[in-house]
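Here chain A shows up in two complexes: once beside chain B, once beside chain C.
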Partner chain A sequence: MAEYKWPEEGKRQHLGKRISRLDGPVKVSGKAKYSYDINRPGMLFGKILRSPHAHAKVVSIDISAAEKMPGVKAVKIINGPGFEIQWAGQELVALAAVDEPTAEDALRAIKVQYEKLPHLVNEADLSKVPASNLRPASTNATGDVAKAFQEADVVVEGFYGNDVITHCCLESHGLVTEWTDSNNVMIHPSTQSVSTVHNDLARELKLPAGNIHTHMDHIGGGFGSKFQIDLWGIEMTKVSQMAGGKPVKYFLDRDAEVMIAGSRPSAYAKVKVAAKKDGTITAWESDAWGSGGMGNIGSPPYPYVWTRIPNIKTKFQAVNTNVGPQRAWRAPNHPQAALITMGALEDLAAELKMDPLEFFLKNIELTGVRANTYRDELLKAAEMIEWKKNWRQRGEGGPGSTKTVKRGLGLSIHTWGGQPHNSDCDVIINPDGSVEVKMGTQDLGVGTRTALAIVAAESLGLPLNAIKVTIGDNRLPVSGASGGSTTIGGISSSTRRGSIDALNTLFEKVAPAMNTTPDKLEAVGGKIQVIGDATKSLTWKQACAKLGTQPITARGKQPGKEQLASAGVGGVQMADVSVDIETGIVKMNKFVAVQDCGLIIDLKTAESQVFGAMIMGVTYSLYEEKVMDDQTGRMLNANMEFYRLAGLRDIGEFQVHMMTGKGYDERGPIGLGEPPTNSPGAAIANAVANAIGVRVSTLPLTPDRVLAALAKKGGKG
Partner chain B sequence: MSSSDERHDNPQADQAGVSRRNFLKGTSVALTVPLIAQSEKVVKAAGADVPVYGPDKVNITLTVNGAAKTASVEPRVTLLDTLRNELDTTGAKRVCDRATCGACTVLMDGKPVYSCTVLAIEAQGHKIETVESLEQNGKLHPVQQAFWDNDAQQCGFCTPGFVMACKALLDEHPTPTDEQIKLGLGGNLCRCGTYHGIKGAVAQASAGMKKLKGGKRNG
Partner chain C sequence: MHKFEYASPTTKEQAVALLGKSWGETEALAGGTDLLSLLKDYLVTPKRVVNLKGIKELSSVLTPRDGSARIGALASIEAVRDLGRGFAALSQAAAGITSPQIRNMGTVGGDLCQRPRCWYFRSGFGLLAKDESGNALVPNGDNRYHAILGNDGEAKFVNPSSLAPAFIALNAKIKIFGPAGEREVEAAKFFVTPKSASEREYALQPNEIVTMIHVPSTLGVRSATYEVRQREVLDWPLAAASVALTLDASKKVKTARIVLGHVAPVPWVAEEAAQSLIGKTISEDAAAEAGRLAVANAHALSRNAYKIQLASVAVKRAILQAVS
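Presenting the complex of A and B:
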């Protein structure tokens, strides 16, 4: 009799193998329809007029000329006279026209008068931030920090920071929306939450939630920025209504996408750390701030991972800035906390003239419950990057360094939760033997579809291609939003339970015909057989034929009986870089990651997640920065040529090792999307400091910053 | 006509019993005819007749994946937007819309172009190939198969552009050096970070395409 718990190693057909994603063929052939690709008959094109000013009052808006233009079907003021604009790019007017050029012309015909107000768009230098922009500080303390610093053998102080970056999803935010009749709306959004994104829209339109149908097959990136229907989703649906319900397509242009559709808060901190001569860490003190625009933000967790340092004192203050608001960015707060914590500790190791690997290992118990995992992972990563062979004292330059190009190594450790979200799943066994898995989830490109098929096939003893997976619609059983790395635990647990329940029902139906009882049956290799006796078996098809006309539908749930997934992972990353001290250019030589995530469902897509996070990490470490102009309050690089992403040529050699087997598998699946995003900034910044002998305080590590740090060091020396 | 073009038979042309060479000759004649026919004005510039379009919509004919397609667009409309909005050929994606990211990459006479930066009227008379043309009889092209096998796509939004850039790279350099790969694919960006898989895909596709074309090389 099948039970819920995951099969043991050795008994797994599909789990943990390298399986190519199911939706690969439609993606590589251009057949995959993203919401941006949806074209509907009679579809209009939406545009939004946005404020060019970072802080201003709307005095007047004149839309009359736009309304009169041929081809313009609806013009709606979103924020009218009296409205106080809080960031450049904020929405003022929405409209729809028969085609995009017409809609653009209509935008140009709108006249707006503004009364400009003072703005603040940069906060790295806290001394220049007016008191009115500061939110109340939060503080925390354990132990006796003052005493610890007094008694310490070595104390190091430093400044570390990370500028605001944006999500820059390649498929911008937006939707196609239409009224299918006067009471029903159909939306094709680009969303991380297929099952719930319609709720806010229903409330806003005063429609019953069931009157809004959401469908999305594929999404071109979200990274935490696509949970909401968003103002444009609501306004464009109203514009559609004004235009007689016609479909309206609205996706943000690239400049708006990077200006206002989500950013990762900045983080800056003055940090003081202390140790004994033998390298034992004794105290941490940080004075930190950051901004996510006008909204409040919480403090990153300082000190990160090293939570058991005996004496800790922290302060954090959020700064209000007139910049497009922050949204959850892949592992909110963790990359910033890692950069600042691991940076300070690496500086402390350098002051002690200790190898940071030895230093981390010596203090590893201060990381708490996952100390053993970190130790194993540090040793594994060190082997992969040949740490012993390649590491040199700070500023000496690693092997292969020349007069002008210096090589260095750096490391970082990280964590994340990733507990399973709530999830319902229907598993259907049809009398013809076909199997369907239905769930209102979404595949962000992480392999959710594939994971669903793997779990169902594994549970039913079937090949992968026997499972039909249907996701991406709010009329399917509700599953949680894909955020916080909660998806894999949630969807695999509900699918496992649903599959096992469906299978047990099938056993009940066929047991009499097999002269046995349901608890004596198992599903193996496409057969239903008496446990351990392959001679007494029915093929899957024969067994299902006994269902008559009624399929079996089982609703699997998470949470549910037996815990199948858990939370909490550790990871280690090490970077090997070369820095040209004449140009300030940082080049990635090699970058390695060791990561655990409990039981792996698909090793291939799991590794891709880690590679992807590391590459995103190289990008935010070296290139990404929302450059805000103090004078105009606007983003200077609201495009993709100056808001730079790493390309194929920028990444160097990559290696990933997943921790699996005993000690990991029995924890069940744990989310993986976020954890490997946390360490790259810290590992790369530490490698650069190791290479050139001086800390470049703030990410991204652009050539000008590297050269400035070198010049400062020169001046001191 | 570059030699790389010669290596690629146009399947639709084959079906119609037209040789590749004749087919291309045909399209280069088409280059001038519809332009002059639909242009409202012809002005003399530097001694030559130059057609003037717009600002209103003009009827255009594009040769997309071997088939003649007509659309009515303003002269300012890009090839990308025409493919996506008028012809419902949505494989090519609009991302930066200004020649940085490569998500809109299509082949024009066998050469990769950013279709967001080509006007639809300019694309007339040229042979446009989009990612949709690569799969034949339900079989993925070796480049596509390699992208799938090497998990060189996550969200997949950049993938059609990468696949086309990769095909163009391998058409020109069947066994590309690292430097050629960096140049050939350096004009495409991926946010999900699939470059590791893409490197593996290029290697596999390079081997696969050689096998595929082995017999036709000398012809």
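Presenting the complex of A and C:
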């Protein structure tokens, strides 16, 4: 009988190999259909009127002119008179028309009267935040911080921060929604949760959950911002109903996408850290704040990773701002916490005139349970970036520096959980020998389909192309939302269990014909054979033919018997940058990442995950910023022209090393989507400080900020 | 997008006859890379759009042996990227528009006549960026990308054209066609600072079009454009400078033109800086001094002081690049 536990190294046919993603060809050839690409017969186009004001009361709304326009099929007020608008871009009226320009013109025919109210859209300068916008502070303390600072040999104080950025999904949020009859709705959303996204819609429409059919094949980015049906999903389905059930396509325009469809909270902190002369870290104190729009947000974990610093005192305060609300952004709070913590510690190392690599290694036990992983990873990363050869004391400029261009190195370490989510999976072995894996999951572009095929093929001793994977539909066995880096652990565990159960059923069916018992059988190389005896075998096809007409369907579950996946990873990143001190422009030379994620299902897509995170990391470190205008309360760069993302030539050279083998593999797969996004800001900001000899306090590291920091330092490079 | 009539004339005479007599009534369409955004954002709402691309004679690029060039207004930006050595300032400026799509769709005339990228203008607050009570938004707002020169009037946006400074440095002339026939203006005089939101940033009448840009002989001219851009991928320069120099036999500067881009409502001719080079051998110091002079009269708004430094560096580096 086959068992659940993962095969050992040496016995793996597909697991951990570099396998190209199965949906690569349809994506690069343009054949893949994203929900954005779905067009239905008779489809209408939805539009939403959004508030231009950041804080205002709706006095009146007149939709009569819009309703009368030819081609306009339904107009519905979402938030009417009396409603208090809390951010620019908040939804007021939804409508649908025969084409987009008509819908857009109809929006302009709607008359709204507002009573403007005072707004706050920027919070970096806490002294300018009215008391009424401050939420209650939370504090924490361990040890005796006052005494520790008194007794310390070196104390460093600094300010660090990270402005609000947005998710900026390339496929904006939205859906195509239609009533297939008076009781049934079909949606094609862009979602991170195929199996659950319809639940809120069902509740809102008072329909049984089973009457809503969700389908999505591909998604163009989510990053934590696409779990819900969202207000527009509900309103557009109602608009569709008003229009006789006709399909309505509604995807956010780019400006709305960056204004209101998700942002990562800002984080600012005044930090004080202390050490002994020999470099031992003794104390941390931080006074932090941040905003995710209206409403409370939790404190980033300060100090990040270095949780065993003996004396710690922290304070955090959320600020209410009239800005489109925050949503989970890849490892919520961790990138900000990494930036601020690693920045302060690197400043402390610089003050001690210590190499931060030595400094981190010396103190590594203060990171707790993963200290050994970090040590190994630090040494590996240092080798990849040639730290010893290229690192110089802060402000000296690394090798190759000129009068105007200074080179520097910086590092950071990070962690994340990534425990498996709940997952059901059907594995079907057909009498013709074909195999299907069916699951209500989604492939966020990370290789979920490929991982499913790998796990099933590995478990059944088959080639990859023998497996047909069907996902992206809520009529399939329910699997969790793709968030919190929970997917790989969940889906590979349930698929493993389902495949092994199906295989054991097949063994039971064929054992008599093979004159043996099921426990003596194994599936290898496309054959069912007696363990260790290749002469007594059936081809997979021959074996399956013995099923008659009834396929085997096995439901694999997570959680289930035996632990197949776990949680908790560590990673290290090091950046090598050049800074033009005359223009303040930062260029990436090289960026390396060392990461563990337990047992790797597909080495190639695992590395790609890390590359993707590093690209996103360079982007948020150097370019991304939600620019909010104090006067008008509006986002000024709600486009992709001044909301900058890195291009290929901006990212420099990347190298990724995955920690595998003993100590890692036996933990089973652990989620990887989030951890590698945590360190880039810290590593790059530290590299810039190392290059130019002064800290640029706030991300993104734009020329104005770099030049201002240099000017403060006295213009010396 | 408001509904409009679409006209596709095949001669320039037809085209100007189709254009209206006041701004806003009609719009000329070239590559559309800017006009389409303006239309979709309701920043222009013409009754008629006049497509110029049917006028075949306007897309030729001629480079006779005398080192001059006659560039049709409808020639692509990509086409000027390929011009020879004397036109280095121009081809480098074109190459700085690092999107192949924009370089191939966008035209030279469209680059010169494109509208400012001021984010208040593009958000619907008008060319001079005022709120509904008439308060100017730029002085107290986020003006990090706004003008540091020529910003004492109400217009505080920067001229967006990267090709314009290069054309001006190369002493180009712009040929214009209107109901009264053809006329020609120096490239430097083509750009104007509007005093009201209903004016335009260039010296065209509403029913005139740019037909051709004439660059006089570039034989012996050393030119260069240096842009300070944050990213390699398509990105607006934060500041840029185009220079054109001629040197005498002993490598001393005989003539010099220095023009700054993306720092003022018009391409900014830095006369004093150019003069400072005359008779000198180009050195790091001479170039830096010209850079300093180029921004001597700069005046920072609340958030854009850094651009003064960037403009100065751009001038220095463009000069050094021109002679390297």
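Quick notes on this structure:
Going forward, the second predicted complex is superposed on the first by the 714 of 717 C-alpha atoms of A that agree within 3 Å, B and C clash if a C-alpha of one lies under 4 Å from a C-alpha of the other, contacts with A are read in each partner's own complex, and residues count from 1 in each chain.
Going forward, contacts are C-beta pairs under 8 Å (C-beta built on N, C-alpha and C of every residue); 3 or more make two chains touch, one makes a residue touch a chain.
Remember, predicted model here, so these are calculated numbers, not experimental data.
Annotation: superposed three-chain arrangement on chain A; chain B versus chain C shows a clash.
In the superposition on chain A, contact of A:T702 is made with chain C only, not with chain B. In the superposition on chain A, contact of A:R649 is made with both chain B and chain C. By the touch criterion stated above, A:R108 is placed in contact with chain C alone, chain B being left untouched. After overlaying the two complexes on the shared chain, residue contacts for A:M616 are found with chain B alone; chain C is out of touch.
Contact with chain C, but none with chain B, is seen for A:V627 once the two complexes are overlaid on the shared chain.
In the superposition on chain A, contact of A:N637 is made with chain C only, not with chain B.
Within the superposed three-chain model, A:E582 lies in touch with chain C and out of touch with chain B [touch as defined at top]. Among chain B and chain C, the chain that touches a larger number of residues in chain A is B.
By the touch criterion stated above, A:S608 is placed in contact with chain B alone, chain C being left untouched. Stretch 41-49 is the one among 5-13, 23-31, 41-49 or 167-175 where chain B clashes with chain C after the superposition on chain A. Residues 101, 639, 641, 645-649 of chain A lie at the contact with chain B in one complex and at the contact with chain C in the other.
Chain contact summary for the complex, chain B toward chain A: residues 74, 76-77, 81, 84-85, 88, 90-98, 100-101, 103, 130-132, 134-135, 140, 144-145, 147-149, 151, 153-160, 163, 181-182, 185-186, 188-199.
The touching residues of chain A, counted against chain B in their complex, run 20-21, 23-25, 27-34, 36-37, 39, 45, 99-101, 168-172, 218-221, 223, 253-254, 444-446, 604-605, 607-609, 611-616, 619, 639-641, 645-649, 651, 654. Taken together, the chain A residues at the contact with chain C in this complex read 101, 104-105, 108, 582-585, 622-623, 627, 629-632, 634, 636-637, 639, 641-642, 644-650, 702-704, 707-708. Across the interface of their complex, chain A is touched by residues 1-3, 42, 98, 117, 119-120, 122-123, 125, 131, 135, 137, 140-142, 144-145, 228-236, 238, 303-304, 306, 309-310, 313 of chain C.
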